[in-house]
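Each of the next two complexes has subunit A plus one other chain: subunit B in the first, subunit C in the second.
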Partner chain A sequence: MARLELQRVTKSLANGQRVLRDIDCAVNDGELISMVGPSGCGKSTLLRCIAGLEAITSGEIRIGEQRVNDLPPRQRNVAMVFQNHALYPHMTVYQNLAFGLRVRHVARAAVDARVRRTAARLGLDALLGRYPRELSGGQRQRTALGRAMLREPGVFLLDEPLSSLDIPLRAEMRRELSALHQSLGTTMVYVTHDQSEALSLGQRVVVLADGAIEQIDTPDGIYQAPRNRFVAGFVGWPPMNFLSEDWLHDTGLDTQCIEYGIRPERLRLRPGARGDFSIIGKLERIESFGGEWQVEISRQGSRVIARVPPETKLQRGAELRLWFRREDLYAFDRATGSRMQAWR
Partner chain B sequence: MSGRGMVLRASRYAVLIVMALATLFPLLWVTSIAFMRSPERFAGTPPLWPDHPTLVNMVNIVHQQRIGHYFLNSLIVAAATTPLSVLVAGLAGYALAQAKFRGHRLVSWVVMFAVLVPNQALVLPLFEMFSAVHLVNHYAALVLPAAANAVSIVLIQAYARAIPKDILDAARIDGASEWRTFFSVVVPLMAPMLAAVAVLTFVVSWNDFMWPMIAMQKVDMQTLPVALASIDREHYQNIGLMAAGATVAILPMMLVFLASQRYYLRAVSAGSVTD
Partner chain C sequence: MKASTALLFVIPALAMILLFVFIPLIGVLGLSLTDFNVYALANSANLHFVGVANFTHLLHDHAAWQGVETTMTVVLVGVPATLGLSLVCALMIESIGARWRGLFRTAFFLPVVCSTVAVAIGWRYLLNTRYGLVNRLLAAAHLPTPNWLGTPGLALLAVTVVVVWKGFGYGMIIVAAARREIPDELYDIARIEGAGMTQQLLRITMPMLAPTLGLLALLDAAGYWQLFAEPYVLTQGGPMGSTMSLLLLMYDRGFRWWRWGVASALAMVLTVIMWLFAWLQRHTRAAWRGD
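After this line comes the complex of A and B, so read on.
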């Protein structure tokens, strides 16, 4: 178990592209932190740098108070789970699990005991003799997890480990992972491009964009108090509505220098208190999610989505008015994109 | 199965059988001639089948012509060349495919270019080199030049490119050194291609003629093809004797191919590294 600290970590490629820019972040001992950002923002590169698979250009990486910049992967006390599992195809599950210990010259009996204990914990006991190609997606995933767990690393790195699974399995594995983290108590860095996964799994969430950190906070903090327009738009599903001027004519709000956003679940079909704002547009689309509907209204080409309780009277093509409280609006400086804290 | 499917299948097999026979025919004929009595009698083409099968040619080639001795020379050279060449090509091909070192592009091009250089063009410089270090008439003169084979390297390089980088990284994170990664992960994944290259190397070494003829000037050091050629010059009218020599020469290649065909076929049918 170990604390992980990144100080002004920068990585440039040979062609001059800056893949990571001034990454500053500390992961506490035993913490599960998730890192999320759009595809290509540098998440995998950051994990590979932490693992020692790639060198950083400048900055410092510390694992358990030791500077590891110049250490090869095997001396960093990290384990990694790869997106496509990266199991050794020519080895059985048992051999896959045991490889890391065999390489480190752990005695055969000790290896056997640890492999069997980990396999039992992950429900792999009956599969030890199988080859990866004979496993289902979930079983492969467990094997990859087991291989990483077995070495009892100081830091556990996971690079989109669930993205190759189908959706129900993904939810199940997510719960398992969370339980696993609680019982192991190992420091974990969980990378994903799926914001809902990041929020539900991480004790804290790091939002990355274009190689730089946009925000680090708890899931609730990220959701409720995004630091800027990017984070606000990236976190939450459906994404926050950004209201162009057309929507806000009659509210008297300053739309010159400020851009406003509202989360879909904050829009309502009926007015609440006096002084609530409203927007009006043509009802374009109704999508039912059982207990909840998503409705989309449009006005001069711009669209707003709301999550509302089912309402049979709604008619597609008709005008629909949606209400919201003034304090539910988010305000962003148009020039810098940062959120104006004073608004609320 | 439908009638149409049956016809299709039958005609496919018919074509395959014809091709197999066309390939096997010369081999079988040579083998058959090896067991013919005094075939020198035949003025023109020997018959397909011996009237009175005999071992006289076999006895002659083994006892009088000491074919066993040359066979052993060839075997020593091929047996030393094959693992060495596969190891070198395996390491080089893997490194060129997966490692990013300074100048790897240049080295790749040089190797590609080396494929185009005909072996005959190398004979003279090789002879100079091996004379200079007094290795002419040593097995090393045949083994060392064959240890690094450009064709093998290119074949393995192409195959090694398909190894997913994540698997190699996983091994590194698991704590394996580069050597351990190579032998425990890369070699098993490349096994079909390594086997194919091994067969290829063995066959090329076994059949090689020009360089062994020049490098091995002592009769005792000659390899089988060179020895067979001089038997041919002495007994050019004795087809039976020649056929017996050829039959003996083919045997080890048959064995090598049979032993490795499982891997060999996997490589040439371009199976991927990870299933």
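After this line comes the complex of A and C, so read on.
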């Protein structure tokens, strides 16, 4: 178990492109932190840099109390799980689990005991003689997790471990992973491009874009108080609506320097208290999710999505008015993109 | 699709196979049971059915056994040497930068696409006792300058060297492709777990290349059993029959001594051996796929 600290970590490629810029982040001992960002934002690169698979250009990485910048991967006290599991296809589950211990020349009896203990914990005991190609997606992922656990690392690094699984299995594995983290109590860094996975799994969430950290906060903090327009738009599904001038010109709000956003679930079909704002547009689309509908209204080419309770009276093509409270609006400085805190 | 329509599509291919494989094969099988020779060409009254006499003759023919020994030597020495070179060069070109990769790949693959006869003639010059580059270099280093193609053991060695040099580039391309198929993450995990270069080679690269290497070994072995052009150009089977491969012996019996019956019997023996290889190949491939 160990604390992980990244101080002004920067990585530049040979062509001068900076793929990581001044990453400052501390992961507490035993914490599960998720890193999320659009593809190409550098999150996987950052994970590989922590593991020592790639070198950083400047800055410092500390694991435990040790500066690990110049240590090879095997001395960094980390274990990694990859998206495609990276199991050795020519080895059985047992051999895959035992691989790390065998290359470090642990005695055979000790290897056997530890492999069997971990396999039992992950429900793999009956599968030890199978090859990866004979396993289901979830079993493969559990094997990869088991291999990482047998390393008994200070820090677990997980690179999109669930994204190759189908959706029901993904939810199940997410719960398992969460439970595993609780029982192991190991520091974990979980990289994903799926913002809902990041929010539901991480105790804290790091939002990355273009090689730099946009925000670090708890899932609720990220969702309720995004630091800037990017985080606000990236986190949440459907994404936050950003309202152009056309929607707001009868509200009297300053749309010159400020851009406003509203979350889809904050829009309502009926007015609440006096003084609520409303927007009006043509109802373009209704998508039913059973207990909830997502409706889309448009006005001069700009679209707004709302999550509302099912309402049979809605008619496609008709005008629809949606209501919201002034304090549910998010305000962003048009020049810098940062959120104007004073607004709420 | 109806079976009759499907048949229409396969008939051209079947016709070619029938014309160029099965009919000649049956012809050779027929010939191998006769004493067909140059006299029979002139007068068919000289053609007799001899049963398996040609085969029993081969069993007692010293030259045939020497041919087996020569061919087996080339297979047993040449196949591991080819595989080793293919493997080493493949791993090398896959680990060097892209700038040099193309150059080395082309250089190593060039002998494969060159005409066997042309390169064999080139090697004959290189190995020439008095003027050849090989012996000049040896002489410059004050080493003995043997008569490469005129000494029994050395001639077979020279033939094997040329065969390996000509063939390893093909295997190299195949092994390099198989190496590229191994995901990088497998090596990432190994590095994190603490496996060094040697362990990565022995525990990941080699086992994952094993099916490819096994297939190449079979293909190379099957190819070397049909050794012909290299000894034909370099030594004509000499000295003292030491480089007379089975195929060269068949050619010698058929086209030099006009003993078609014996040559056909040899051809049948070789055909059976090739069938064995084809069967082995099918069998091992199925085993590797886990069927």
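Here, the second predicted complex is superposed on the first by the 344 of 344 C-alpha atoms of A that agree within 3 Å, B and C clash if a C-alpha of one lies under 4 Å from a C-alpha of the other, contacts with A are read in each partner's own complex, and residues count from 1 in each chain.
Assume contacts are C-beta pairs under 8 Å (C-beta built on N, C-alpha and C of every residue); 3 or more make two chains touch, one makes a residue touch a chain.
This structure is a prediction, so every number in the text was calculated from the model and none was measured.
A.B. asks: Here subunit A is shared; do subunit B and subunit C fit on it together or clash?
C.D. replies: On the superposed model, which is not a single observed complex, subunit B and subunit C clash.
A.B. asks: Let me test your reading of the model: by the given contact rule, A:Val78 touches which partner, first (subunit B), second (subunit C), both or neither?
C.D. replies: both
A.B. asks: Have a look at where A:Arg334 lands relative to subunit B and subunit C in the superposition and call it first, second, both or neither.
C.D. replies: So A:Arg334 meets neither subunit B nor subunit C here.
A.B. asks: Under the stated touch criterion, which partner chain does A:Arg175 make contact with: subunit B (first), subunit C (second), both, or neither?
C.D. replies: Neither partner.
A.B. asks: Of the two partner chains, subunit B (first) and subunit C (second), which one does A:His249 touch, if any: first, second, both, or neither?
C.D. replies: After superposing on A, A:His249 lies clear of both subunit B and subunit C.
A.B. asks: Quick one: classify A:Arg326 as touching subunit B (first), subunit C (second), both or neither.
C.D. replies: Neither partner.
A.B. asks: Once the complexes are superposed, what residues of subunit A are shared between the subunit B interface and the subunit C interface?
C.D. replies: 48, 51, 53, 72-74, 78-80, 82, 84, 86, 88-90, 99-100, 103-104, 133, 147, 151
A.B. asks: Write out the stretch or stretches of subunit C touching subunit A in their complex.
C.D. replies: Where subunit C meets subunit A, its residues are 183, 185-186, 188-195, 199, 203-204, 207-208, 210, 290.
A.B. asks: Name, in rising order, each residue of subunit B that touches subunit A in their complex.
C.D. replies: Subunit B reaches subunit A through residues 164, 166-167, 169-177, 180, 184-185, 188-189, 191, 273-275.
A.B. asks: Help me check something: in the complex, which residues belonging to subunit A touch subunit B?
C.D. replies: Contacts found on subunit A: 48, 51, 53, 72-74, 78-80, 82-84, 86-90, 99-100, 103-104, 133, 147, 151.
A.B. asks: Name, in rising order, each residue of subunit A that touches subunit C in their complex.
C.D. replies: 48, 51-53, 72-74, 76, 78-80, 82, 84, 86, 88-91, 99-100, 103-104, 131, 133, 147, 151
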